[in-house]
Amino acid sequence: MFSVEDVVFGGGKPVVIAGPCAIENREQYFAVAQEVQRRGIRILRGGAFKPRTSPHAFQGLGEEGLELIKEVKQATGLLVVTEAMDTETVDAVAAVCDIIQIGPRNMANYSLLKKVGKTGKPVLLKRGFMATISEFVHAAEYFVKEGDDRVILCERGIRTFETQTRSTLDISAVPLLKKLTSHPVIVDPSHSTGRGDLVIPMTCAALAAGADGVIVEVHPNPRKALCDGLQSLDFPAFGRLMDEVDRLLPYLSRNGHP
Amino acid sequence: MFSVEDVVFGGGKPVVIAGPCAIENREQYFAVAQEVQRRGIRILRGGAFKPRTSPHAFQGLGEEGLELIKEVKQATGLLVVTEAMDTETVDAVAAVCDIIQIGPRNMANYSLLKKVGKTGKPVLLKRGFMATISEFVHAAEYFVKEGDDRVILCERGIRTFETQTRSTLDISAVPLLKKLTSHPVIVDPSHSTGRGDLVIPMTCAALAAGADGVIVEVHPNPRKALCDGLQSLDFPAFGRLMDEVDRLLPYLSRNGHP
Amino acid sequence: MFSVEDVVFGGGKPVVIAGPCAIENREQYFAVAQEVQRRGIRILRGGAFKPRTSPHAFQGLGEEGLELIKEVKQATGLLVVTEAMDTETVDAVAAVCDIIQIGPRNMANYSLLKKVGKTGKPVLLKRGFMATISEFVHAAEYFVKEGDDRVILCERGIRTFETQTRSTLDISAVPLLKKLTSHPVIVDPSHSTGRGDLVIPMTCAALAAGADGVIVEVHPNPRKALCDGLQSLDFPAFGRLMDEVDRLLPYLSRNGHP
Amino acid sequence: MFSVEDVVFGGGKPVVIAGPCAIENREQYFAVAQEVQRRGIRILRGGAFKPRTSPHAFQGLGEEGLELIKEVKQATGLLVVTEAMDTETVDAVAAVCDIIQIGPRNMANYSLLKKVGKTGKPVLLKRGFMATISEFVHAAEYFVKEGDDRVILCERGIRTFETQTRSTLDISAVPLLKKLTSHPVIVDPSHSTGRGDLVIPMTCAALAAGADGVIVEVHPNPRKALCDGLQSLDFPAFGRLMDEVDRLLPYLSRNGHP
């Protein structure tokens, strides 16, 4: 259990992190920031650097995205989590954000994990989509070994033969990781399923299994998103998600999981 | 939505099916039957025919197990689900039970599915541990094509590279199957995880995701079970599971899943 | 090592089994039989009963297919391998063929394996596409336990996340199975890859790894095949396959594998 | 097809790259170098920087290993391939070696691929053990986009449910990659299987399927290796591998693969 400013991870009340997959422009980023803040969200997601399978796909706004993060923080007071993709840009990312995200492709990029461990910022570490739970726990140790134990572990789906979802969200990883480590554990129902229509039920499943939070994608117009639109929630769907989490809160505060 | 006697599947209230993996002897089966009935359970599980990877492992009591099913039903009034492994014994199984189970190894045993479809008993069809959701839905059609649409689909984990659990419980299959079919969908947290310590959180996850029920293993003394003991709940743990389901009920009755 | 009539399995010289996936009609089946015989093939494949994912797909000619097998054997003297799908039809299948095939969906259908073990015919047992090597070896024991040890193990690909091939042909299973058992081991490059253009290189790979043979699909007109056409070889491609196997023979006769 | 000094990749004659997994000390590295040179090998492998799952495992000799590479090249005239793990050490690695290896954990480390693309050295790119063939081909494009197309693609096994091998060597990737790209394709039978006893048959399988070469691990005393000893060949086994490749050469020079 630890806090990032006023937000407590692992304290019993689930943390919902929300925002766009990629920061596309000022208008889009501010629109999402205001909407999620209106629903009580404290931590905004949004990538400036996007690792993409093809070198020809949109790679994020880069430095310009980091500038927009600074502006949105000043304008709203929101905390921000954003991804660091390589050791070269870690310091620039650390300078503007509150939590540094390591994506699934980089879970085993140990040089990057060590460098992030030296920034003084907590890390949100995503499980590689083909990483065992044991490898995931070991990867977190590369960060912790630098002296900071503020790691948020994020289950985001593993690659299987099933093709109706982008990957298979391994919810059993939640109770397992809580047994094996003392780190808070959250779940990403957006990237794991790759389908906006599964985000609400999988959020409820994750929280009922004991997850300390979720990280979800929200976009003003998912069909026009430059990146991963199919899995993003539009504003009305995001509202329904928050209503559903509210309905589940009484249970979560009393659950008797071992 | 349909009923098996007084039990409604798909009606909003989750159905908990409980019992031993295999019927080992009269004492064990009656002990579990009485314990689960005491907690309000209406459907007892328990296998007389057990398909085992090795021909040298315990294969179930066979005909003797079917006799015990008859006796336990008379003594308690419980309904019983038990597995049919082959076309030869389908009729004998159908004669004593209320729901016929088809196990994951037989999900694509189409001859068996057709024969079960002719018995007049509803089927509890388990997803093969390497079957896609599409193949699972098609398999159910082999049963339905015989004229009976009382199929309960059961997600029981798929095989992945992760080794800390026996298989990976694919909870996203629950909302997906409910979109693709009108059959009730339940989850087996015992066989899927292979770990008794994960049964409670995974039951809650499944129900929160919209499952219509769960099927769990209960044994008076899991360490001495002839089959799959590690994943069985003893009586106190089963009590905690039922308490947890009770705590979740108020949420389940009001959930706003699409 | 054992013989089926004049064909030796496991004797150093690779056995090529060839024929259509399904027997579609007399003309197609005789055309393939004559073509493969012309190239020196002794064992013809071809299914009368076809287990298909959807109950609405072509399921094979059934009894009519068994009649055609009888006729083709009389006319050509070829030996025939064909699939038994269920315990009901095992005896009818055994009455016409020389080797009974158990398909991957039925590898763990232990009742079927036991029944086949009583027919007095050798079995060609395909690895389930979700089965570990250990489970595969255990499945063979269900057959052997009936008193006949003439099992041909057939690696036919396992299900993975890769989608460019139908499954992933696990060639390392060949040397592993030869270490773990004394059964001959063959490979199915047609069903495993699902692509006719990969059949030749994967046949060579399998034989170079020590396989005792291959089973391949040949069809007079793959584009019009009722079942699995994309993976079938037409006659010219089958000719190139046989030429390639001939080129590899000098190596195979001298290989020094442990 | 391209050359690295006097070694031609993709020219029909297979290239065998051999050496230890990790450079452990001068004695071990020189012993292997001399042994592989004695058998006609031109390219020596050996890691100075080793990415390991646990931060507490041996991580390689680092700079000291790079010094030993310089010495071994001067003493023997061998060419060397060694891994670059992060952007910080790419230039130091490029300064001493002839081919830069990118390991499977870093296949999708696009920043690293771009940096390596600027060094003027060819790259040996290993397929991630969770990467589709399509992602593998895209990753190579990150390197090529920098202006150098000297990429050697290396299939090294994908992660599956099978546990008797470390991963499943996907030999069908060889003909597929040759259809999809013009890069040479080699195979790593040591890391993929994790078993020295499978290296010879899998090498033969890979070459018979059309691979342009293999990269294998050789160690004077595999049982005492600091890293991955079980999969290394000792000198006599390496001799048998080379004899086997020699036996296969006449076939390889005449193969008629499409």
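When the chains are written out, they are named A, B, C and D in that same order, and each has its own residue count from 1.
The definition used in the following text is that a residue touches a chain if its C-beta (ideal position, glycine included) is under 8 Å from a C-beta of that chain, and two chains touch if they have at least 3 such contacts.
Because the structure is predicted, anything quoted here is derived from the model rather than measured.
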item: Chain C reached from chain A - shortest hop count over touching chains; value: 1
item: Pair exhibiting more inter-chain C-beta contacts, B-D or A-D; value: A-D
item: Most distant chain from chain D, judged by the mean position of its C-alpha atoms; value: B
item: Whole-Å separation of chain centres (CA-atom averages), chain A against chain D; value: 35
item: Euclidean distance of C-alpha centroids - chain B vs chain D, Å; value: 48
item: Overlap residues in chain A, where contacts from two or more other chains coincide; value: 130, 134, 159-161, 163
item: In the complex with chain B, residue positions of chain D that touch it; value: 159-161, 163
item: In the complex, chain C residues that touch chain B; value: 51-56, 85-88, 105-106, 108-112, 128-130, 134-135, 138-139, 141-142, 145, 159
item: Chain C - residues contacting chain D, complex; value: 130, 132-134, 158, 160-165, 168-172, 174-176, 179, 192-193, 197-198, 200-202, 204-210, 240, 243-244, 247-248, 250-251, 254-258
